[in-house]
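Before I ask anything, let me first share the structure, which is written out below as structure tokens.
Per-chain numbering from 1; labels A, B, C and D assigned in written order.
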């Protein structure tokens, strides 16, 4: 088992005819992901290395049974693409695009929530990897192998970093989920932790957070009440000076809340071990799963 | 039993300090309806004949446990009042106001549907009467007594007319529901017929429609599939010339659909008896319920 | 309210919908001046709300001032299916490569706006809908989310518009949707939308129905008028806030509530009569409204008898009685009235009427009885007249 | 992007939010001319983004031209908590009866806009939130429905504003919400909103944060600048599309992805060093972006060593290596570089670096190792410098 993507994933890429979209879609396919279609308005009927391209998601669903979308279109058009995927009934929408206007994200998120038929991952995220089964997004899969550690992270590169350290210590992964660092993530820590709790393959959950917002604090509450599996957390930004914005819209330290120390304290209060560096996270994982690894 | 309103109704009237709102609220109370509050922004703290007035619905819910709202405010402010009632968690919102802009109604309806916590009756409707239990709205209750006939109608005065003819023939009513003639009724024939089907007191359902739209045709489909109780229908507008708008936004005959003959045929095809006049409706009711009446 | 073509196009222009340049004109001189300003060739278009104006001689092309004068003179004052042409729209002639159909309507059935697009434009869309329903692409829009770019693409691809105009057609649909929402229309229809030789798109016609209930916040729209469609009695009723529709018969009808009035029309028809009008005095009618309504009904010279059918809910029967008494006092009608009062305060109402002893006024207890009586009286009046 | 007070007020005015009349000024002459035009008394206000400007001498009242000249001269060029005053806002002085607080923020936690209103305005709202949380009325707005009139009433009644200003305060909140949505802000804050002796309401301050990601459709907003807040390196980075924040240490940092860069800062700190900057080269960085980033990092004279920490996903390590090689070719840096490359195309990247034999460049296999190495090198450079 794994979460969100696996052998049953039928992927459609929006923006497949762009250079990045094409590069990563083919990489995903090389990994073994079942890529069934691409969508580029006006390029319907073309092919990208054997993958049929359609004008609309509706056609990709109708003709190819696509159930998962990867959105690679530029920021001004990305929310529209997400909404189109939702309208076409795509169950899982993974939005890689960075730089989508916050109000666009808000409307897309609110619509997805209202209709209740799709799940959104991202935007501004690296995607999902279920090692040995499927890879959707830009996670460099070569570093990861199947195993029992589920990873969920707000930051893309940190996801790789932590996964890599774990891999060097001999751990494999059930799934690695990058939820993205934007103000309105379609799926947050609580959602992902819930899925890992329910996934029989996952025996340890690693949660990689960062300064800003209160998603880590909410996850701590949820873990205390609903999660029986061990959880290890990492919070980036201990050394960040207050009041500075550092890239992710999320990474804003505002007053007393949202700081790394506060997040770490909230998690530790609920029994979650928190590492100060990616390396420490791996050490904690060994402590908790030593026998199992 | 009855539907929608009864002894458990706790009514709040929006617009209670206006002359019509006050007149009908007091009339409803005289009938036995449990009127617990009024809402008029800026007049919180006042009383209307012993009924406490609040600035917001939220206060009326919190302090008086209001669960049903009657909206009597002028058209420019009515949709806002409906949305406020929904936001405050009022379960049943009965909007009497006529002349609300269609786009306002659309947004209010869409929001109510999205949140799924309230039911809207109307707008532009006469309200609901459950004889012997409660009266909310402007239906002249003196003509009706408790009984086994459920009435649902798009037109206010036609409701009274048909109810009156039935009463003269000795029939009483479980509930009489005016759903209103506006383009976006919060509750339509199908919803009301479903409630009457589930209501043990109701043994016969009278459906009073009119030209325009396809609500009667949809009801015919629903009745054929889900309703075991006898249904008698009336359609107003047999003699209306095509292409003329007659008052209700609903009453527009557009091309081949929406005409009275077509509606009557759709209902009769599904086994519903259709009367040509209110008097014929009563005659059909006698045929069907003769023994029971 | 249904707008004239030019009124719709002026709304369109304010929302960025591409329309040919044009000017309205009410006289031949204005028409020629407009044509000169726009440059030839121009289309001289009768402003009446009749489908197929062109075939009925209401649209003509002018290549010079002489032709513009001639056509404007011929069309102004012309009668097109019962409507008199009071206004013209002079517009630059368009070159047409393709004709599409586009509309946004209020779909009561789905309680959502419905957007439609077809490449079979420039013809009777209802016939297309019947013969080749797949030729029309449909899409419901979530009113809370609004029209998105993908809606435009989906409609354009599904309708099969030329690939090079998918984007401009999508943009046009979005603009039409904006007109629909921002102007609070219940219908926005363009037939045809044209594609020009330069591959631009343009709305060549405009059919817009505005929601009268929204006029309190659209003062400009409330001022729009269609002189050709205004019957004098209907205008009179409108000014008095009454819902009045003129019909062909001789029995004046007044009731409260659209459903009851429609039912009254039906019952009168079944009794062998023909209604002269539909008049809904509305909910909560006060005495003055009733008096006013009587004036409107009697302003129609065909009326030989009047039926009042009132079942009071929010309307109080005593108010109706008072209004009728005042009307008799002021107007002294020469035709008989049949009055049926039921509902709120009906006893007081009937008592007031009995005390007033109005001449030639008959009260009836039931709707069927009242209909029979008024048909009888109307026949007698007609014979005696 | 955070706007200056006057930029926010000019946005407000465009959306109908009542603000005092005012004009910006960059010289004493402009300031006096503005004051003359507006009429005395005027407030001369330093345009820097520092709370409590007034107490720090950044706001002064002028009753005549002489005072206006004197205050403008004193405030222009003044240093307020490290920011230099380049611009003034001259505005008509307001008479104040009450001071409220109003804001619309993007609430990430609830994924909805949050509107707040308090009668405790004109003071530090964070202190109010801590000491008397009930003094602030809160309300989340459904982003699909938008701000409704009842939201305004509910906030006004709950906050306990004076009964006679419930309506204008509600209207003001709606206008602020419109600014929030139409201008794509993530924060709109007014402290204080004042009630005048004539019982009007007005926004006396304006704090607006715009979403930089929306600038492609808000060309005017994209042009706004705050000269006082612009560090030369930060401006340089911005022009090159890099996310750069200047910090106090001496170790230049470049990474890809905000999370990884933050983590790098933490690891450097734990290793005993201090970062000179935060620099996220972003996803998919191409060679030119890397070269550009090196220029920005080295433009800070405090930098004595540089750490590259790359874990490639969308970023390809070979591109990073190429960018670094080009940078060395062009800039010939004098400080040591520690480079850690992992992820997509890492082998090619490392191979390119090895072949280029760049002087004073050390490669490390792990993040911890790289941090230790750069701290060591930075210390040596500092000593040797």
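We adopt the following convention: contacts are C-beta pairs under 8 Å (C-beta built on N, C-alpha and C of every residue); 3 or more make two chains touch, one makes a residue touch a chain.
This structure is a prediction, so every number in the text was calculated from the model and none was measured.
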| item | value |
| --- | --- |
| Identity of the chain that, by mean CA position, is farthest from chain A | C |
| Pair with more cross-chain C-beta pairs in contact, given B-C and A-C | B-C |
| Inter-chain centre distance, chain A versus chain D - centres from mean C-alpha coordinates, in Å | 27 |
| Centroid spacing, where centroids are CA-atom means, of chain A and chain C in whole angstrom | 55 |
| Chain A-chain B separation of Cα centroids, rounded to whole Å | 49 |
| In chain B, residues with contacts to at least two other chains | 107, 111, 114 |
| Sites on chain D at which at least two other chains make contact | 142, 144-145 |
| Chain-level touch network, classified as line, ring, star, complete or other | other |
| Chain pairs that touch, as defined at the top of this document | A-C, A-D, B-C, B-D, C-D |
| Parts of chain C lying in touch with chain D, wherever the complex brings them together | 144-145 |
| In the complex with chain C, residue positions of chain A that touch it | 41-42, 44, 55-56, 58, 77, 80-81, 83-84, 87, 107, 111, 114 |
| Chain B residues within the chain C interface of the complex | 20, 24, 75-76, 96, 98-103, 106-107, 109-111, 114, 126, 138-140, 143, 153-161, 164, 181, 183-184, 208, 210-215, 218, 234, 236-241, 244-251, 255, 276-279 |
| Of all residues in chain D, those that touch chain A in their complex | 106, 108-109, 111-113, 126, 142-144, 181, 184, 186, 211, 213-214, 216-217, 243, 245, 247-248, 255-263, 265-270, 275, 278, 280, 282-284, 311-315, 342-344, 366-368 |
| Chain B-touching residues of chain D, taken from the complex the two chains share | 142, 144-145, 148-150, 153-154, 157, 163, 166 |
